[in-house]
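In the two complexes below, chain A is the common chain; its partner is chain B in one and chain C in the other.
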Partner chain A sequence: MNHETVSRRVAVSGVGAVSGLGWGVAPLWEGLRAGRTAIRPIQRFDHTAHRTHLAAEAAGPEDAGLAADPRWERLSLADRFAVAAAAEALAMAGLAPPLASLDDLWAGVWFGSSTGGMFESERFFNEFLHGRWRSARLRDLATQQVNVPGDAVARWFGVTGPVRTVSSACSSGALALGAALDAVRSGEVDVALAGGSDSLCQLTYAGFNALRSVDEGPCRPFRACREGMSFGEGAAVLVLEPLERVQERGGEPLAVLAGAGSACDAHHMTAPDPSGAGAAAAMEAALRDAGLSAAQIDFVNAHGTGTPLNDAAEWRALQRVFGERAGEIPLTATKALLGHLLGSSGAIEAVTTVLCLRHGELHPVPACAGGPAVDPELPVALVLDRPLPLPDARAAISTSLAFGGSNAALVFSRWMGT
Partner chain B sequence: MIPSSLSPTLSPVPGEREILITGLGTIGAYGSGAESLRGVLVSPEPPWAGLSEVSRSSGYHLTQAARKAFLVDASLLKEWISPGEARRMSPPSKLAVAAARMALRCAGWSEGLPDERTGVVVSTAFGPSSYSEGLLKQILLEGPESASPTLFTESVANAAAAQIAIASRARGPSVTICQREAGALLAVGQAAADVASGRVPRAIAGTVDEMTPLLHSLLDRFGTVSRNGGPQGLEVARPLDRRRAGYLAAEGATMLLLESAGEARERGAVPLARVAAWGSAFDPTAPAVGWGTGYAGLARALRRSLERAGISLERIDRIVTGASGSRPGDRVEALMLKAAWGDIVVLPPVLAPKAVTGEYGGGFLGAAVLAANGVSFGPTAGFEEPDPELGIVPHDGSPLAPPSAVLVTSTAAGGAVSWVVLEAP
Partner chain C sequence: MSEAPAVPSRIKRLIVESLHLEGMKPEMIEDEAPLFGEGLGLDSVDALELVVALEKEFGIKIKSQELGREVFSSVSTLSEFIETRT
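Up next is the complex of A and B:
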């Protein structure tokens, strides 16, 4: 966004998450701090015929209160993740639904998703495409569209303002957050529920395996031995509000969403521009939007999929943006623990970035046995094995790089009381 | 969506913040190019001859299912996509790139854009359906290891936006919006916001969808498409009619080039319309696959949005409605408009172009731009009996003065509603 248009500082007043580490932010943070990977053998579907067999499936019990609601039964997994994350984020923000847009409150939903309710739809298509039309239930198809998780959040919490779903592959969540930032800044809404949700499904699992871009073991971003990504699933929601609105009700912001930027490689459908120019352009746009220089960024939450080409392109982008600091600035790669949440990865990594700023430490990723800690050709300062204390960290950047060259970046700053 | 009056930099003031539509590219059952679309919009004859039989060879359709849809003649693409490009593209990507190239040519950029600062915002309701179907068949019928990387690569919703960016060397933000029938106007709004904020000087924005036999059969099973309720058993859409029983499904693409007025005027571009405001809202009474009853709240949101943009209802002298013939969809859209206008102001003439363009594929978006540009539409195809509950009689084909401000609305299954206001250039 052009600086001239910035009219309001935007606070993150609540966060919610569902991930392979559990339902909720508390198990997420606990697992991240411990560097504990959630990537395990798949339980959701029969994976024996797939080339690989691991994913970070959402773990732990659902929220009993939400599950008791009769509407819960009709939701897809992705919808449930989304609603649970939104409920947690709203509660943390101290906002009670319904959020019907009234004169004094105008709320909207900005969401990212890549597959929506495809997992449930695969049940339908499995019957339908086998010619078992009578046993193919249209109800399984009702939640297939990628807009459904965001719509489900709006419906559940009575939102009557703008509702929009971005489906730009792996940058969807970050792009949705950027659009929500614009909306809160400009006064379009007073409250934005922004995030993303995706559940594991065979379509994407087999699809990425067809590209041979899935690691047979847990993914190893930026390591020389990296062989691809790991899948995850889940949702993350951030409540965004004007800073003064949070302060007026006596709340304390978790962080400030200071800037967002995006840019396209215009290079190739799947391969990133190896020069990293597009990713760098997105990061630079986010920094401009935040009014910060690269020197003011204290750590990076990298997209870090663990695929050879993506990590290499991201390193080039970091070099373009940070120059000689590229190899020194502390960096983490959340996907090593949660897998790749596709359309919601940008959202959950935004939550992770907020938590790291809030707690003043950067979560680690597990070190690999043998070989160098990181690829010598991509010498990032990856945080390994134990959290890195960063009590003075003031600002961080989170990156998302997607299929089709759609790159996005978000800049968060720590809430310092002013 | 736009609080223009709250945010001065988003106001449609003269200069670089003013947003003009300088290019329109469209492809559908009506042919390729704005003139083809104009032809069906102004025609006094209904467009039903342009309907194609949807293949039933896969056996997806019920016996009594709808049979026809507005399908694109694939040979039209040859002018716009080379064989070498086409082999790497899904049907929606081809449609979208063709429409984008038409839009750029229309805008006077046929030799290419002057720089890479171009955004791309594309909406799609269903994405690359044929590639997703092919991939699912491979995975579910033959096993996951038979999944084709080519099918997977082009099965993602943002494939069309990415291909437009690659074809145009557009390196600004690339965003794909999926919000069913509300997506096209949301895409225009997002692109306008990007240009208005100065993030990019121009953006390609529009919508694309393909209509496959599987998708058509499923829409029929959900009861949304028109079956044989017309004369001689014809399948017809009857937007806003008492007897409406569904829409005619369509495929195609429409892309617009939005530019800052500063750039457009400097290079002598001829504007087609001005984007004056945009907005959206949500009806939480809507089920995931249908329309709700919350028209009163939507009307409040619409009025609020227009007020914030400094546009009075009296200034709106034409409405292009997304009414398609859907029984519940037309109801909520019509009642929203009626409630927004209330009893004080008379509703301006209402155009319902989906009667001739069908639902999906962007004909509606192209029609809205042409309406703002002063094209005089023919009578609303299929409309015969007013629905007393809705109380809106769409345009009967009589001559209308060119409009100055056109409100374009679209309500989506699932609850989202979007609108834009286009002004005559």
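Up next is the complex of A and C:
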């Protein structure tokens, strides 16, 4: 994200999402506004052997048009989430597939994922190892690689430009968006489908439980009683295009992706640097890239996993970036409602941030019964129970702070008509 | 005691079951219809899946891709191949 190469402003012309609140952006926004959590008892697999029993599984009916396509049945869940989110985002942007590499439309896909079709691969091995070879499907095994959701999007929509997958744990989606931003700015592509997809699977469910990183109840970011994260699943896709391109065809940008930044803690395999220095460096890089100061940011969509360590480090990072404003700047934590979407969390929180900017209000999280509203040690201005009207909000930052100390931040600004 | 089903019906049942073809019944597959591309619209992963299933069911071996392409063109070519080998 080099300033000298910045040549074009980049609009978000469409968004699509699949989450625990439903298939589509409409149920997502409705649930977010209501502060309704999608974290419920798991239906997908037998969870009796696991330490915890909740997750925000994708709910509601699939798009009937997509499901009627004979290719649909052969896609993994993560691929279906990805294709459905991309279809919605393209329709919103007013772009019709195939997005083949024509002279006037060079399109690419930038995607994040942590586990691809791992859920299906687990099913394969479960059947195979129990001697049920007839119900063990090779296709379930073939879908496992993390690049498969992005590739599925490219195949479904005929994208023949660059198709790239980022897998950097929980910052994957945000880093994919940052890479797509660079590609649109530099003119490498005119249209980028950028986002991420992950489905719930036992590997990550067991892994995070083994690390004692999962709350037995729905996660409670920034609260004193917080005990860990909750799992979610789903996908989010943002269509990124040069602003002029969207205006030329009479479209209306939903928002501007103004900047992206990343930085590594170089500290620990899973734990964040408690000083928050790496997270702050990523946020400052994103602000520089956007040409904005911290004072110009109106709200924060926090990584806010609800683990004791993440939220404490994130508070320190907010203090570094916002100084005395750290406890005043309105903040939300989407994971309290959707759980943690791992490789696509940065993407769905980008969509959430765009929706909040566009609607001029910040979505709430449910207040906890008893105890202080937020941890007195981390006195963030968390929006509780009711949406916070922010009709004049012009810019927002969304953070993704991953295992391995991989920190990423995205800055969006509201489309003001110029 | 009922007679064992003929090879073509066993193949059709295997196609539907092993490839999890939703909404498809074995008797809907025509003996001469191409399995890949236009006909049933199967792809290369389906082909692999079917090779494994047929090898297990009939104890045959498909040793090369060339042979596979020939043998797998339709239910009739498959059943001919199986009947000469079992």
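FYI, the second predicted complex is superposed on the first by the 408 of 418 C-alpha atoms of A that agree within 3 Å, B and C clash if a C-alpha of one lies under 4 Å from a C-alpha of the other, contacts with A are read in each partner's own complex, and residues count from 1 in each chain.
The definition used in the following text is that a contact is a pair of C-beta atoms (placed from the backbone, for glycine too) under 8 Å apart; a residue touches a chain by one contact, two chains touch by 3 or more.
These numbers were taken from a predicted model, which means no experiment stands behind them.
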First, second, both or neither for A:Leu138, with chain B first and chain C second: both
Which of chain B and chain C A:Ser406 touches, first, second, both or neither: first
Per-residue contact with chain A, leading partner among chain C and chain B: B
Touched partner set for A:Leu129, first chain B, second chain C, both or neither: first
Touched partner set for A:Ala258, first chain B, second chain C, both or neither: neither
Touched partner set for A:Pro70, first chain B, second chain C, both or neither: second
Contacts on chain A seen with chain B and repeated with chain C across the two complexes: 74, 138, 142
Contacting residues of chain B [partner chain A, same complex]: 1-3, 6-7, 9-10, 59-60, 88, 116, 120, 125-127, 132, 135-141, 143-145, 147-149, 151-159, 161-163, 165-166, 168-180, 186, 190, 193, 197-199, 218, 221-222, 279-284, 286, 288-289, 294, 297-298, 301, 414-416
Residue ranges of chain C in contact with chain A within the complex: 17-18, 20, 22, 41, 43, 45-46, 48-49, 52-53, 56
Of chain A, residues touching chain C in the complex: 70, 73-74, 133-134, 137-139, 142
Sites on chain A touched by chain B in the complex: 1-2, 4-5, 7, 49-51, 74, 98, 100-101, 108-109, 113-114, 122, 125-126, 128-131, 138, 141-143, 145-148, 151-152, 154-155, 158-169, 175, 179, 182-183, 186-188, 202-203, 205-211, 262-270, 278, 281, 285, 402-406
